[in-house]
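One chain, subunit A, appears in both complexes that follow, with subunit B as partner in the first and subunit C in the second.
Here is the complex of A and B:
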């Protein structure tokens, strides 16, 4: 069954060495994706969702970060044992990634053309040598770059940027935030990636633009059959854009299920609290409902289940042991002692 | 489109700068204690001789009149006369200035060609061996006094290795190329006289290398610092995530972001080196403006002092304008107007 997985993260442990001590940022993350999956990864700030995502392209700064245990395999290949050079080829051929802030994620000093053409050339080259721009006097190189530019304009059209053939000559600061995010999506898609990782792609955008970008991602999923790992703290985004969802809490995936099932029938106490905390139009509920307590300190996390100090169903065993993921429904798993294996 | 207007305005703004500068240097040169005429006329001169000299140089007139006379002369191309040599200042500057300009330019080029790669390597291998080596080297070069390094290099290159001549711009028996710019390297190329070109290149190598050290150090340090900062930018992570090779990211995308600070330091160094060339020119017997300036200041020879200050004022202002132009070439967000 694991042979069919496109991405398989198993028991991933990540530590960060800080001045205050060792922060156990990821404490046994398990995550699986098949081709064509659109998986939402949700959780609060600091729960490790971005670090989980960055472990796939291996962009976690090390040091101070250190992977102490676990495996990450992509299409059966072990990612963690690759050399840096192999990783460059791997990222170029299989991954696309978009980030939160479209303003800082585009290089301000280069035209969209320069950045998009390079994305196309290096991703399509898949690790092979790409002739530099200065070799443009050679007809073959000029031809290559011309084709890459045509592909770039095509990508701009695909991501909904009007007048791509003219706007490609502009600089990032001449684009609006939403348009820049579209450019970044175009760059990520330049090499037909097997997996698109979107790390909070709408968080830095206006609400109306957020909706447009989500609609774009959904339509790209349909058109291109993309596999997407969408990281967000916003359950609404997950509800609208994903098929499956994994909920993270303090360095672990605590619940995983199809989206509908999760909202209808949340199992883990943390997931329930999270869904309850979403503001409703219904005023009679009486304002916002939060989860009591604070997110745990990662340097000295609570023993056992890290959620136990905030859990209303806390039992003795929760303070001693880390719960394993158990099946709680069709394709629905939760890591909580409320649902023992034999239930 | 606005660029031409901007350039004209910047050049026009040099004028008030130079007027301010001339008032300042004029006042300092005249108000400093000491009697230049007494120094020039010598200890045996009688009061009458000194008086005659004073009248000849217009020093008997009130200061504002002297100033206006001087400025009027400046625009006519009469930059005054040396009290000592009785030679006109402007032709002297024309003779000595190209030697200093040539020395300084080559030094800045060497410092840039060595300093920028050193800074980039330093930043790429932050806190690892190459970084330590580059940082120790730059600390070394900025800490050792230039005159000491100059003598060490004279000994090594000149005496022990015998590879390079260690004084003057050309050997006595080689005729300098016909003067077009006064820069021997360029003049000899214009004449297609490659032999003289090579000889003067050999002559300029050691002094400009020594002169470049302090600039090398500061260029390395600023390049390293701004590269480190630029490497932390979000777009670097994005470029890596989508599979652009690291060396392309470094040398194409990051270096340009880091280069604005580097350009600033390079242009500042150009000015500092022109001033700092005095020492090197003395040691290498380089017939430049530095030696000329030292002699003039020691003897309170005010006309050459004013002339040199004025010349440097113009050069500094032009370098500044040029630097601002380069900013605009590097960063499309910078608009002139």
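Here is the complex of A and C:
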């Protein structure tokens, strides 16, 4: 089973050393993705969803970060034991990433051409996808750049940027927010990634542009057979774009299920609270239910289930023991003592 | 019927300077001929994408920005050009709550000082009297007494927004301009703050101008919604009407773009092309370059006026002619 997984994160523990103490950012994350999966990773600020995703390309600054336990395997390879050089090759040939803010991720001093061609060349070189290199001849730099530029224009067309052959000479400020995000998606796709990690790709965008970008990601999944890990705090985005969802709370995945099942039949009290907190169509004035309290302090997290101080179903055992993930339906797992193992 | 707030033909242009001697070469029309009314005790939602001018309108109402032209009536009184002394009195009646709670609170002041400052400015209240009022306000918004001597950075986003709300309430305002009060917050906290705002509205009989880009939140909070596009109102109606039968193509597209947390929801997804662009054909409808509806000849040449297409439902679109010729005037 685990051989068929593209990505397998097992019991990952991550700590950050701060002046105030050791923040236990991830406390046993389990996450699996198969090829072709579109998985939404949902949670509130500080729940560790970005950190989980960044552990795959190993982009967590260490120190102050420290992985204290757990394994991350990609296509059967152990990522955490790779050397930095191996990681560069690995990132270039298998991963693509898009981030939240399309403004800060493009250099304002260079044209799109320079930035996009660079990333095409880099990813080819690092991923050892340069044609001919291993055939014993090296194409000229000019020829390489020319080919890379053609590839860049092709990528722009793929990501829905009109007039790519002309707009490639423009600077980032001449692009709107949505178009910049498309450029970043094009960059992420430059190395033909197996896994696209999208960290809040639409959070900084307006709703109409958000809809465009989500539609683009969906169509790329269909066209290129991408595997996507979509990180978001917006349940609506997940409902629209993903097939499976993993809900995180304070460093753990508390529930994981196919999308429809999760919204129809949420099991974990936190997931229920989260869904009820979104102002939906038929909620009338005063009918919105928030989750009382705040997200826990990561330096001194509550013992047992980290959600127990905010949970309305809290039991004695919740304060002492960490609940394990149990099956609560078809492909549906929740980590909560309300659902005992044998049930 | 009298309104607490009445905006007539409000315009705010920002100069674009350039050329020799840095002259004014053009205007950036942030708010372009906007009119609406707000009844006491009600909530009006101002909705639009970034750059649509919604925050500028809010700032003009508080006179934090000087409007270029137009008229702002508060409680029947023209406040567009009142003098500084009266303005100070006015600002104890109109308050604003900002989007980024951390940036709108002075990091060098304690919570007690932040909430107490308006009491000193407007009522010359100091010492124990001020302290009692501040503590009372803090309990109203759900802060604890021990928070009095803490600094804003010690609080989470939701708690910071509560401080901002307490500060706005300190002077007992009648109208509060809420500028994206929850867009920086997580959903579970957003729900808490929205409920708090509703409770306060009932308790103190407040009137809200609710500025937001999140239609889901607006649907929950507002009695009436006005949609802005490039500084112009494209549609105004009661909230249920806007969401049940949106008439303007832009409204339809926005509503279809709300990410609803319901994977079974089957609906026609209208994806509008392009982005908000201030370079639309002059004279025509600003939305025409992105519009997905059938195009009329007049779309590119004539600016559609905001007309009553249905009872209490104003639309600025050539596809929706006015109810009758007699009502084809601006809403007064």
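Criterion: the second predicted complex is superposed on the first by the 326 of 343 C-alpha atoms of A that agree within 3 Å, B and C clash if a C-alpha of one lies under 4 Å from a C-alpha of the other, contacts with A are read in each partner's own complex, and residues count from 1 in each chain.
The rule we apply is simple: contacts are C-beta pairs under 8 Å (C-beta built on N, C-alpha and C of every residue); 3 or more make two chains touch, one makes a residue touch a chain.
None of the values given here were measured: they were computed from a predicted structure.
Colleague: Mind checking the superposed model to see whether subunit B and subunit C fit together on subunit A or clash?
Modeller: Here the two partners, once superposed via subunit A, fit next to each other without clashing.
Colleague: Touching A:259 in the superposition: subunit B (first), subunit C (second), both, neither?
Modeller: The second partner, subunit C, only.
Colleague: Looking at A:173, would you say it contacts subunit B, subunit C, both, or neither? Reply first, second, both or neither.
Modeller: The first partner, subunit B, only.
Colleague: Please tell me which partner, subunit B or subunit C, touches more residues of subunit A.
Modeller: The partner that reaches more residues of subunit A in the superposed model: C.
Colleague: Output check: A:238 vs subunit B and subunit C. Expected answer is one of first, second, both, neither. What do you get?
Modeller: In the superposition, A:238 touches subunit C alone.
Colleague: Contacts for A:92 in the overlay, against subunit B (first) and subunit C (second): which applies, first, second, both or neither?
Modeller: After superposing on A, A:92 lies in contact with subunit B but is clear of subunit C.
Colleague: What is the value, to the nearest 10 degrees, of the angle subtended at the Cα centroid of subunit A by the Cα centroids of subunit B and subunit C?
Modeller: 80
Colleague: Tell me which partner A:339 touches in the superposition: subunit B (first), subunit C (second), both or neither.
Modeller: Neither subunit B nor subunit C is touched by A:339.
Colleague: Once chain A of both complexes is superposed, is A:16 in touch with subunit B (first), subunit C (second), both, or neither?
Modeller: In the superposition, A:16 contacts neither subunit B nor subunit C.
Colleague: Compute the least Cα distance separating subunit B from subunit C in the superposition and give it as a whole number of Å.
Modeller: Taking the overlay as described at the top, subunit B lies 7 Å from subunit C at its nearest C-alpha.
Colleague: For subunit A, give the residues common to its interface with subunit B and its interface with subunit C.
Modeller: Touching subunit B and subunit C on subunit A: no residues.
Colleague: Under the stated contact criterion, what part of subunit A meets subunit B in this complex?
Modeller: On the subunit A side, the touching residues are 57, 59, 84, 88-93, 95-99, 101, 104-111, 118-119, 122-123, 171, 173, 184, 187-188, 190-191, 197.
Colleague: Can you tell me which positions in subunit B touch subunit A when the two form their complex?
Modeller: Result: residues 233-235, 237-246, 248, 253, 256-257, 330-333 of subunit B touch subunit A.
Colleague: Using the touch rule from the top, collect the residues of subunit C that touch subunit A in their complex.
Modeller: Interface residues on the subunit C side: 49-50, 156-159, 186-192, 194-195, 198, 213-217, 219-221, 243, 253-254, 256-265, 269, 271-272, 275-277.
Colleague: Quick one: which bits of subunit A touch subunit C in the complex? Just the residue numbers, please.
Modeller: 44-45, 176-179, 206-212, 214-215, 233-240, 259-260, 263-264, 273-281, 283, 285-286, 288-292, 294-295
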